[in-house]
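Input: structures, listed below.
Two complexes come next, and they have one chain in common, subunit A, joined by subunit B in the first and subunit C in the second.
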Partner chain A sequence: MPKLIIDNIPVEVTQGKTVLEAAKSVGITIPHFCWHPALGKAGACRVCAVKMVDGPVKGIQMSCMLEAQDGMVVSTTDAEAMAMRKQVIEWLMINHPHDCPVCDEGGECQLQDYTIAGGHGLRRYTGKKRTHVNQYLGPHIEHEMNRCIQCYRCVRFYQEFAGGTDFGVMGSAGRIYYGRVADGPLESPFAGNLVDICPTGVFTDKTARFRARYWDYDMAPSVCPHCSLGCNTVPAARYRELLKVIARQNDAVNGWFLCDKGRFTNSAVNAPERPRVPLIDGRQVAWEEALAALLLRIREIGTEYGAESLAIVGSSGLSMEAASLLHLLHEKTGAGSLCYFVDAGEAQQSATVTACLNEQASASMADIQAADLIALVECDLLQDGPMMALAVRQAWRRGAKISLVEDAAGTVAQNDNGLNSTDKLPFEVERVASLIDIPFADAAHPVIIFGGGDKMSEVMAEAGKTGAKLACLLGGPNSFGAALLAKEYGAISLAEAVADKKVRAVVSVEADIPPELLPKLVVVATLDWRNTETVKAAHIVLPTTAWVEMDGTYINNEGRAQRFKKVMQPGLPIKGLNPSLHPPREHTPLVPGGQSRPAWEILVDIVHRLGSEEDIQLFAGQWQRLRDLDATGNGLLLTDIERGIK
Partner chain B sequence: MKLVPMRRMGTRCNVIMEQPLFQHNKPGRCVTFAEYRDEGGFAALQKALKELSPKQVEQAVSDSGLRGRGGAGFPTGRKWSFVPRDLPGPRWLICNCDEMEPGTYKDRVLLEANPYSLLEGIVLASYAIGVRHAFIFIRRGYETATANLQRGITECLAAGLLGENILGSGFSCTIDVHSSAGRYICGEETALMNALEGKRANPRAKPPFPAVKGLWGGPTVVNNAESLANVPGIISKGPAWFKALARTPEAAGMKLFCISGHVVNRSCFELPLGMELGEIIEGPCGGMRPGSRFKACLPGGASTPYFSAEHWQVPMDFDPVAKAGSRLGTGGIVIFDQDTCLVAATLNLVRFYARESCGWCTPCREGLPYVVHVLETIEAGKGSREHIAILQDHIKLLNYAFCALAPGAMGPVQGLLNNFMDELEEHIDKQRCPFKARE
Partner chain C sequence: MIDNELKITLEQRVAAAVTPREAAVEVMKELQHHYGWLTDEALHEAANLLGLSPLQVEELATFYEMIYRRPVGRRVVHVCDSISCWAMGGETLLEQLAGRLGIGVGETTSDGMFTLLPCCCLGNCGQSPTMLVGDNLYGGLTLEKALDILQREREGIETK
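Moving on to the complex of A and B:
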């Protein structure tokens, strides 16, 4: 552990850290553009200059390029170092536009901050500014090359980190250009990270452009609901509209990045057709009326078909808070079935995965990145967990061997488009016929990634034999939690319940009843925030809040419970003033369209109305440990607790 | 401005010199394989493979005092000694023949006349370092030299001087000629390796140094063509002979000096290191052109600070030139007479470097065009004292660029400010270029 002194502060850092990181660890920010924790050093921008006063290296040095060593004495405030940093800003500002007020990046721009911090105010350069032609890069990312400061972060991320090939750096000297050979949508499923990683406004989120400044946003730490990996995010909203989602750093899960699915497929939150008011048979009603009607309908079902014919159905997308209350509704209504999954396959898969991860060491995304041998079994990474493909790529870049186990027919899973998406994986794979063909014994940190199919027992046996860590892909953001609950309450999937128990009616809580089942069932009520087919078929619709509109918990694919916080108020987005109401003369405490309530809150209400006197607490019994979960940090790994690891 | 009177230094120049590189040259054509062999060529290779161990070859080159001819002047033998011999995997040798410095054309002259010294030198170096595969990275424009090398390789292969089991010694070595895509930065050794690997020709961070982790991650030696071409002479005639070729005891060997500018004979001469600047101009160069008086020169190519008349007696060797505030560089001497505007000349040079920057780091990519702009402003008669301050800032701060291109580019600017400040100030005070007729 090297010990050094930076600006008179003694610092000790782990071996291999740079002087820049050492300074950061004691709160000294050395300006930097090209250096990025995930991408490492480049030495391109030269703005992190410091003076090495004593030690193995002397003089002006780039702190990002210099490994911290014993005996180093560093000054970040040395006059020459400051002169260099100031000069770098002047150089960069020679060609950067002076139009921050009309730039979408303004206010969240690293170049803007450092330009102001360095005191560069007067322009000495009297020549013209360099200009470029921008490209169309698809519907999500705006390209403004004139703003570029050539830090090479974008291309280092896109090509090196993410394995993209359709975007790169062209030209030389003062004509460096980052783009595609021709206009066209960026092909990488991780392209959206260019928005986060660009230190200035070359790449901005087209879907949120010019909608708000950084300080206008409602933001909170959140978790992505689009697959089972639980990537950490920061959704940004304004005026009750979710504008964009950016990645939140969590080295145990997603690192610094996010896939495009997680970033760009959130428009359902703002959808005009979203249910925002309680409905009875399509008629807008007050909550009181809707809940009373629900009780009545449940009773009618009981009279008509018997309470046994009712099923309470949750889903893998439902927050742990609501999911853990479903059994109360089941008990109080006397319903015949309690289902946490609709699909039998998904229920089976989640059950086996949770069971085996309680026995077998689960691999976090950090473990996958550090692996030296990875076996892919029955999984479609780019479809079911793109960020895991990115993690595998990092292992592959470090020299890990990646083996893909083909199924009996010698083929691999095909995605929804009928394409074999393994062809697009951002790493090279060796195809093998069976797990047995993979030399696990030679590996120090082997990992098996399993999509959860027929080969479960084979995978379990091999993992147990070889000590390989196991990473499994599940269906939804809370599949793991739902499977634990299903086991606790002996629940079965709706598909099985319909087949076995002659279910005639359902109360759906954020579940998607498949089209083949819908005609067979009476959807008594649906609690949901999306305008799904189940919502359309329901007699009573109770609007819930989306994940960004409430606090909640998901348990991800490795059994990691993660808390997400309320980002924004539910309600119709404010789209400017209504001219006929200007100036507004009527005031109401009600938020238009703001009647959505968290699903768990509605469940508590219904259970009380069904006659429960008791005070219902969230996370009772074994789930108490989720109560104090913090939205920051690494969450709580339940599988470790199961196996007695603290 | 000081101008020394012309002096005749001719006598010493008339001494007949041994010319290890040019000895085989034939007028108007390339030497043939048979001629080179019959004139004693490949003797060094035979001797080394039969009598000397690799270590002994390296030692001979170290003892000879041979310093890299590509510009930096790093001792060639020491460079070889840095290569770890115990690492698994191949080691590589690259001959840097990507000669693009304005004013430097020695490798072209050398290889258009004789590719065999270089090929022999490469095999010797490969033997010393334990390289099985060497590359010649050559400037695209050097078509004749490339053809000569390729023909030479074919002939050497046929004669068993290259390829498998050379001369029955058990040592095998192949040479590939790679035509560069053609950027100045490709001459920077780490950028060269990136280019050879098919990547963008951006320099790499050092450490790790190429000797430890270079081409495809393997230990790599990058030597200039002229350096390698000198190796056969050192091996066949001994390090002491080579060292004694120089004019001064501190210097070692002969050097190719490429002359351009306002002198009578503009050509590439093989001369002893340590000859005084004036001696070279008065002797082989045949003096200044009629009507021209010596004002300044770039002593070692376009990236070296100007010498003025006060440097007339500086011995042209690495250390004395460095002591006098410039660099011997590649030995490309560009001579300017009294009618040359050095602001315009400097501008012309910096323009080249600004254009040839790879664009990786900010100081080079943005700083050099800034310097160009400032010099343009001064040359256009719109300069101010602040511009001199900006130039001084750049001379200092461009040292902190990623590689040596930007500091090198500032060489002439530094020379301008050090030796010709009065000329620069005259541009600013008169608000015009004093060398241009008043409009």
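Moving on to the complex of A and C:
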């Protein structure tokens, strides 16, 4: 472990760390553009200059390129080093346009920060600036090449880290151009990260173009709800509109990045057709009236068909808070069925995974990146968990062997949708006929990735035998939690409940009742924030808040509980409101369309109205540890006891 | 379109390389020789031959100054603008040649004979300033000598 001195502070770092990282570890930020924790060094920007005062290396050095060594004495404040950094900033600014006022990066721009920090405020260069023609890169990313400072971060991410082949760097020297051969949408499912990774405004989020500045955003640590991996995000909102989603670092889960599915498919939060007011048969009513009507309807169902004909239905997308209260509604209504899943297959798969996946065997995305042998079994990574494909690629880049188990017919395993994106996977695979053909014994850190399906028992047995860690892709952001609750309360899927018993009516809590079941059922009430078919079929609609409008918890595919915080107030986005109605002329304590409530809160309300006297606590009993979950940490990996595994 | 013979030759060269990317420059030069410049069609053919994406070939094509991604004249005149030639008057030579040819740097004469380009070091520093016309290297140039060389190159092509 090399020991060195930086600005008179003794520092000890692990072998292989750079001087820049060593400085960072004691809170000294050396300016940098091309260096990135996930991408490493390039030595392209020359702005991290420091003076090596004593030790094995002397003089001005690039701190990102220099490995920390014993006996180094480093000064970041040395006059010569500071002058160099200042001049480099000035060079980098020579061609940079003065368009900060109309640039979306303004306020969240590394170049802007370091230019100001370097004290460069007056342009001395009077020559012509280098200019470029921009490209159309698809609906999500805006291209403005004139702003480029040639740090190579984008191309290093796109080609090296993410394995894309349609975007790169062309030309040489002062003429280099980052783009495609011709205009067209970027093909990589991780292209959105260019927005986060560019230290200036060459790539900006087109979906949030010209909408707000950094200091205007409503922001909070959040978790992506679009698959079971639970990638960490920072959604940014303004004026009750979700503008964009930024990746949030979590080394145990998503690292620094996010897939495009998680980044660009959030428009449902702002959708004008979202249910925002309680409805009885399409009529807008007050909460009081809607809840009273709900109680009445439940009673009517009881007298008409019998209480046991009622099913309480949750989903794998429901927050753990609400999901963990569903059983109370089930008890108090005397409903015959309690369902945490609609689809029997999903329920079965989630149940099997949670029953077998103990804390030790569970592979995090960090474990996948560090693996030396990975087997893919019946999974469509790019469809069901794109970020896991990115993690596998990192392992592959480090030399891990990736095997894809084909099914008996010799074709590549397909998922339920018949989708097969294995050809587009950003790594090379070796196709094998069976798990038995994979030499797990030779590997130090083997991982099996399983998409859920018939081979579950075989995979579990093989994992147990070989000591391979296991990562399973589940259906929704809280599938794991829902499956644990389903086990605890002996719940079955709605599909099975409908098949077995005479379920006549349902109360749906953020569940999607499939269209083939809808005509057979009376949807007494739907609690949801999306305008789904189930909402349209419901007699009573109770608007809930989306995940960005409340605090909540999801338990991801590895059994990691993660807290997400409220980003924004629920309500109709001001954009799109009739100008004659905004601002509202009538005084109310609520914003327009701001009546949505978190599902768990509505459930507590209903349970109390059904006659429960008890004080309902969130996360009682064995879930106690989830109460003080920190949204900014690595979350909480459930113990085997919490997983119900002995 | 390239003929089958050239295609097979190039495929063999790619196969003989340790990695396909290694053969990229050679493939691009052959295709450039075939088309006169590296056309978009040639770019895609090179990508197919090398198993790279068109973008990855474009990255290499635009990096090397002797791969032409735009039409050029029958001979490309590369005038060195690196340090030794610059010190020996290479900059003036380039400007004056442009004036005499009646074109700007980067342009082609109206008869389609010459394209004038600056280039980096040709490895002929001992005889700077220096230039490359087609595949022929000339050193110790003055404007007169250079014009004389271009005249001879022109005659050489015309008498062929």
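Couple of notes before you dig in:
Basically, the second predicted complex is superposed on the first by the 617 of 646 C-alpha atoms of A that agree within 3 Å, B and C clash if a C-alpha of one lies under 4 Å from a C-alpha of the other, contacts with A are read in each partner's own complex, and residues count from 1 in each chain.
One rule holds for everything that comes next: a contact is a pair of C-beta atoms (placed from the backbone, for glycine too) under 8 Å apart; a residue touches a chain by one contact, two chains touch by 3 or more.
These figures come from a predicted structure and were not determined experimentally.
On the superposed subunit A, the positions of subunit B and subunit C overlap enough to count as a clash.
Of the two partner chains placed by the overlay, neither subunit B nor subunit C lies in contact with A:Val523. Touching more residues of subunit A than its counterpart among subunit B and subunit C is B. In the superposed model, A:Gly171 lies in contact with both subunit B and subunit C.
In the superposed pair of complexes, A:Val47 makes contact with subunit B only, with no contact to subunit C. Once the two complexes are overlaid on the shared chain, A:Arg180 sits against subunit C while remaining clear of subunit B. After superposition on chain A, the subunit C segment that clashes with subunit B is 81-89; the remaining candidates among 27-35, 45-53 or 81-89 show no clashing C-alpha atoms. Comparing the two complexes, residues 169, 171-172 of subunit A contact subunit B in one case and subunit C in the other. Contact residues of subunit A toward subunit B in the complex are 41, 43-47, 49, 60, 62, 65, 83-84, 87-88, 91-92, 94-95, 124-127, 149-150, 152, 169, 171-176.
On subunit A, the positions that touch subunit C within their shared complex are 165-172, 177, 180-181.
Subunit C makes touch with subunit A in their complex at residues 43, 52-56, 58-59, 62-63, 65.
Across the complex, subunit B meets subunit A through its residues 183, 185, 200, 205, 354-363, 365-367, 369-370, 373, 377, 386, 390, 393, 397, 399-402.
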